[in-house]
Amino acid sequence: MFKARLADPKILKYSIDAVSNMIDEAGVSVTKDGLRLKAMDPAHVALVDLELKKEAFDEFEVEEPLVLGIDLERLNTILKRAGTDQILIQLDSENNVLKIRFKNSSTRTFDLPLIEVSEEELKVPNLDFPSQIEIPPKILSESIKDAEIVSDHVTLMVDEENLFISAKGDLGNVEVKVPKDEAKSFEVSKSCRSMFSLEYLKDMIKASDIADSVKIYLGDNIPVRMDFTTENARLSFLLAPRIESE
Amino acid sequence: MFKARLADPKILKYSIDAVSNMIDEAGVSVTKDGLRLKAMDPAHVALVDLELKKEAFDEFEVEEPLVLGIDLERLNTILKRAGTDQILIQLDSENNVLKIRFKNSSTRTFDLPLIEVSEEELKVPNLDFPSQIEIPPKILSESIKDAEIVSDHVTLMVDEENLFISAKGDLGNVEVKVPKDEAKSFEVSKSCRSMFSLEYLKDMIKASDIADSVKIYLGDNIPVRMDFTTENARLSFLLAPRIESE
Amino acid sequence: MFKARLADPKILKYSIDAVSNMIDEAGVSVTKDGLRLKAMDPAHVALVDLELKKEAFDEFEVEEPLVLGIDLERLNTILKRAGTDQILIQLDSENNVLKIRFKNSSTRTFDLPLIEVSEEELKVPNLDFPSQIEIPPKILSESIKDAEIVSDHVTLMVDEENLFISAKGDLGNVEVKVPKDEAKSFEVSKSCRSMFSLEYLKDMIKASDIADSVKIYLGDNIPVRMDFTTENARLSFLLAPRIESE
């Protein structure tokens, strides 16, 4: 038995929208603490970890822990139909579907067939990040869009004073400098830099619409972790670096 | 002689926009009561009946009944240029054109050449509908858009308590339930159901933007009639059913 | 040395957007009076003359007159990233790039590599226009869009009472009449008319967004000059006529 109700569909809608750009299908764990989705993109370059706490829901009931195999693109198509209606989610285990219901003057019910997914839990690598910087998500998303006009990859860099987001291309260079003072938190034990593909970052910054802040964990030529967080939800990405050839 | 003036172009613009998606050209009858356009789509699946009463206009003068052969797509292109300007329509019978004039600080005049159309009046079949339900147009248009994400056809169903709009597809099912209490009127003499092509319904629901209400006339495997109405205008569609193969 | 600052990027953004549709690259003259860009389109049908006075900037410093070779499409792409941030422009002559900087909480710097352009000054032909009419830009831009629905060219005509903008096509005619009283100024020494390609006019009217007024200089089968002006900026176009074949 699993049943949940969301008075405001925004968090669920935007989270799934950001995730479904990268991941086609995933196993969603349902426990008494809430929903959790961990998955890698097909090319194994990015890892997604979405947590929607029980508190993000207005009602949340589950008898015993479950894993629901979800076609994320399909779920996203359904959630896009939500408008501002409240959402009811209910597992119909007999028919192996998730019933997603939008309710105001009419009741609109979508059956989402569950799919089979491996129940093996994805191991999130334990990385040691020398730098952790928290900034408003809009600064990150604008920087990524700036970088796009000259290149298909971007370098993230920190020193003791600034975060730099920069890109170089035949048609010119772009550099965004975010001074320490504009960051919500700024912990840098040593200067470091890594380069990343814009293709993935472009998808990841879609999460900016929901988050109050994004925390960037950076090191030297190691993956970057980005945590988009709100009070009751967290969407984390781990993105492998590109090797710089210069 | 025919002359009409509309201070607010909205009704004319939106009606022609909804109709011109389905019908390329049509004869528009002009009488002292107003305008009337009856036509079938080229595939003879849908019949359109548009009535703009004299009262919808701020001025309306016609000497004797006329039939104007109109290229609806062309008229629609012209009306899209209207903005919020008042519209003057005048028949120039010498040149066989309809002069459509938008007036504010400048005067913009479009000549719409009249075309030849059969003057034979289209017979609207007289059907006996066991159910008549009136709902806000938005409920219908949202349901049609819901159905689209899983199928290319939709089933309309009524019983004594509810109107159901549902669709089934490989990727899941959708069902919208509109309870009796949410309907503006609900007359159901017996349960009935028919299936329809979404291709046509998608065009028809464009009329939702003008109407205060839509009345749905439904039976068992017979055409559905949908009347979108405002105070001085009515846009009716009659749509042939698809045969259910199950 | 050249340095300029714009608290409001709008004028620069919109001017370059209008110009870059027609002209790929150009030499921009920088003098103590401001910026000046004169260029012809590749087909030599239209001539653009953009003047941004020193007063349009909040800071404007230049040591000696310069000509900057600019890839306008590239500059336009950068300026589209500006948002409402203030813009700082600085010549980095060592690296032969123009540094364009947007500043609010972060500092976003774009390097625009300068290109080589002929420093020969473009001669603007000295034409004698029998008519000069000044109107709100919106009237012109709406008329051009009206004309587009029937033709790919348009006739501009004036007599003692009105400006006419008209187009004829197989699918109907369009005529926009702007009476003398609606013009901001209306000096017509004799009736005259010329025909022009809509392809160019469509690009030119993008300047309508910034201008408070457009002054149209018209003659008989000679180029038309259109000056879009604001307090501290002027964007002039000179467009060759099409020969009427009737």
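Of note:
Chains: A, B and C, in written order; residue numbering restarts at 1 for each.
Heads up, the rule we're going with is that contacts are C-beta pairs under 8 Å (C-beta built on N, C-alpha and C of every residue); 3 or more make two chains touch, one makes a residue touch a chain.
These numbers were taken from a predicted model, which means no experiment stands behind them.
Shared residue numbers account for under half of those found at the interface formed by chain A and chain B, and the copies are therefore classed as meeting with different residues. Its C-alpha atoms superposed on chain C, chain A is turned by 120 degrees; the angle is given in steps of 5. Our note on geometry: chain A versus chain B, Cα centroid distance of 44 Å, whole angstroms. Shown for chain C are the residues in touch with two or more other chains, of which there are none. The residues of chain A lying in touch with chain B in their complex are 71, 74, 77-78, 81, 83, 97, 105-113.
Note for the complex: chain A touches chain C at residues 136, 139, 142-143, 145-146, 149, 171-179, 182.
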